[in-house]
Amino acid sequence: MTVEETRAALAATFGVEVTSAPIMSITVPPDRWEELGRFAKETLGCRFFSFLTAVDWKEQGLEVLAKVDNLDDNVALLLKTRLGPGVTTCSSLMPVYRGADWMERECFDMFGIRFENHRDLRRILLDDAWEGHPLLKSYAVDTPHPPYR
Amino acid sequence: MLDESTVSRVEMDWSGPERLTMNMGPQHPSAHGVFRAIVTLEGETVVAVDAVIGYLHRCHEKLSETLTYAQYPSIASKTDYVAAMTSEFAYVLAAEEIGKIEVPKRAQYLRVICAELQRIASHLLWLGTWCMDMGGALGGGATIFLYCIRERELILDLFEALVGARLLYGFFQVGGTRYDIPDGWAQQCRETVDVIDSRVDEYQQMLEQNAFFLARAKGVGIVSRELAEDVGIAGPLLRGSGVNWDLRRTAPYSSYQDFDFRVPVETDGDCYARYRVRMAEFRQSIAIIRQALDKLPAGPISSRPALKSVAQIRIPKGEAYARVEGPRGEVGTYMIADGSAKPYRMKWRGASFSNLAILPHIIPGHKVADVVAIMGSVDPVFGEVDR
Amino acid sequence: MPSWLTLLIAPFIVLNVVIVMVTYVTLLERKFAARMQSRIGPYRVGPHGLLQPIADALKLMMKEDVVPTAADRRIYNLAPIVFLIPCMLIFATIPFAPGLGVADVNIGILFFLAVSAMEIVGLFMAGWGSNNKYALLSAMRAVNQIISYDLPFIFSALVPVLLAGSLKMSDIAAVQQGSLLKWFIFYPVIGQLAFIMFIVSTLAAENRVPFDILEAESELVAGFRVEYSGMKFALIQLGEYAHMIGSSFLGALLFLGAWSGPGPEYLGPIWFLLKAMFFFLVVTWIRWSFVRIRVDQILALSWKALLPATLGLLIMTAVVVVWRTSGIP
């Protein structure tokens, strides 16, 4: 599907505004997150899973975003969802994209977001005994962690 | 799947009928860095692989929130330290995209030359270490390793003349490049590239006519096109599986559209296909460098020269995802700027992190010896995996 | 002099010469490999590195003798010795010149082949006694590989035996005296084929690259030797290189005419040594040029390709010999 068709299909199915600059992105409520992933992969042809990450917007809560590409038609799409303030669970994209496995483990590790339906959610970059989630804005840069300080 | 209590202490264990759990790494001559693979073996065949990473984690993403746009590019090179130029490239491209900062043509061409030289140097290291993994540090592998390192030294000499450093540069800055090429550098670059062109011919002959090498590389580690796209691997791995996707062609940045080069694609998906893709990339990079040197325009090297204080560059509110075709794949930076001198959030899309995620999918079914061959052909750099 | 003393002198001399030769052959290999890789090799210890092996030997002798607590002490300590003895014993039947050998028995080749295969016992003892799963994995691969390749080794070594008509080493060498073309390597077709198969089998029976899955630096770091250090490691190294040199001498004797060469007779042993070193350098050259192949490919090569080939070659040799001696045109 071309860029125009993709935008039209997204707007029609999800009814939210699709921004196009700097990159085509769509924000959906968290309960439609997995549906959006499946739609992107199966209907829009965006089979290339680039990355998944999260942003901590302080009082407004966390936001999970994933970038997928349609390699055949050269379409880049950014999927976003805003978890509300204080919410730390999100549905997992692992049943849809296999690449979400390690990316979601990293999100869990860095932000503390628990992904439902993830096959094996454990810390990936930090030690299993680590306390805290470093990329949250509330985690100060020089937070000591035993036994290293 | 191993649960949290076993991950930290398994060394070797009998896990069920006839299955042996063996630990490879993190200190291991062929781990390409610090990497731990917990392999479950049935005899000599690998049944499952659990990749444990994070030994080199320095939390670059948190670090970037504390360093300004002028300070961070030197640190950015420490993610993919083997191809430091392309790592810095992604970061400055993102900042320039949000801030709509113009980059002069000469700086763009210089960036292209350095990125392609870096690609050649990185692929030389890949070839040397991959053959060394397969052939032993006291055997034929070491021979090719030393030859490749000898050529890589020629390129590192060029970088030393340009920047002053051999491995980790601070060459890129927001707005252009930091240094200009000294006198005689263009001539030395042309000579180096000619030498490497002829030597790569030799290595190709030495390897491709060797039945042992073909036996180790053909049919090993086959990645199907569907798996490649689903997991998100990029670079020579993706092009070795038949997907014609090269960011320099499909999403050109920094004047790549001015150059005439071919994108090598192979369809087999095994280690040998990836090897052929990388060997062809040598030639294409050499072609790009020659064209860039011929067409190098005069002019300023940065639109933000005379950087006097570290907080001088301020990027207005916005977000962007900038990506670069590094030697290992798509290196990207998703940046959210909030108007100050430091980014609000920066996500490193490391090429090796996504590439490494394919190991648990393709290794089961192969023998132990193939684990090192496959890992070598995936070519991970752990600075990028762990960031 | 009491007769038992004279009996001891020859072995004593041979063993000492072999040990000195082993240490200097390591230097030869390092220099050769270095030149292939466009570097120099040992250079500083003594003029052009000539004292390097002495320095290495002294270092190994001065090292602490470490025995892992979980290792099976008796087997662990005995293994290097059990490994070394067959590797030294093979020099017993090799005649270095007509009449100059320790024990030139009339089943010389049989003795050599049988005893050289016994190193595998010591090897497995080393892997087992270390109580280290990497060592065990490597020892298992070793048993697999050496057993698979000993058969082609023996069959290809038997081809010159058939051509000469005797198992006695000095007889085989005597048949090749006279002219260059009498060397078995120049025997039409059969000689060359047997030589090639002999080299391939030697590479595998000695665990040299491309068949060195045994040590496989990048997978099972040092294999069965991983827990050994100091003098025990030196004994294992000694054994490996002694076996390699012994096989080189065997190869030179079987195919390259042993002591035949231009010049007066007392130069014979020198020619023998040079030919053995040539054989050794060919093996070294192969070692530093090729990557290694996987264990299942190695075993497939042996059982599916090399064994039928050597067997066929042996039968063909027998047919040719009978045809030649019976005078049928």
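What to note about this one:
In order of appearance the chains are A, B and C, and numbering begins at 1 in each one.
The definition used in the following text is that a residue touches a chain if its C-beta (ideal position, glycine included) is under 8 Å from a C-beta of that chain, and two chains touch if they have at least 3 such contacts.
The shown structure was predicted, so the numbers you read here are calculated from the model rather than taken from an experiment.
Traced through touching neighbours, the fewest hops from subunit A to subunit C number 2. Centrality by C-alpha centroid: the chain sitting nearest the overall protein C-alpha mean is B. Taking each chain's centre as the mean of its C-alpha atoms, the one that lies farthest from the centre of subunit B is C. One finds 61 Å separating the Cα centroids of subunit A and subunit C. Rounded to a whole number, the gap between the C-alpha centres of subunit A and subunit B is 24 angstrom. The geometric centre of subunit B is 44 Å away from that of subunit C, both derived from CA atoms. Within subunit C, contacts with two or more other chains are made by no residue at all.
Under the contact definition stated at the top, not a single residue of subunit B touches 2 or more other chains.
Note for the complex: subunit B touches subunit C at residues 12, 20, 22, 28-30, 44, 131-143, 146-147, 150, 206, 210, 212-213, 215-216, 367-372. In the complex of the two chains, the subunit C residues touching subunit B come out as 33, 36-39, 133, 209-210, 212-213, 215-219, 221, 287-297. Touching subunit A in their complex are the following residues of subunit B: 1, 4, 7-8, 53-54, 57, 59, 61-62, 66, 97-98, 226-227, 229-232, 243, 245, 250-251, 318-321, 330, 332, 334, 336, 344-345, 347, 349, 353-354, 356-357, 361, 386-387.
Subunit A makes touch with subunit B in their complex at residues 22-23, 47-51, 53, 55-56, 65, 67, 71, 74, 76, 78, 97-99, 101-102, 110, 119-120, 122-128, 134-135, 139, 141.
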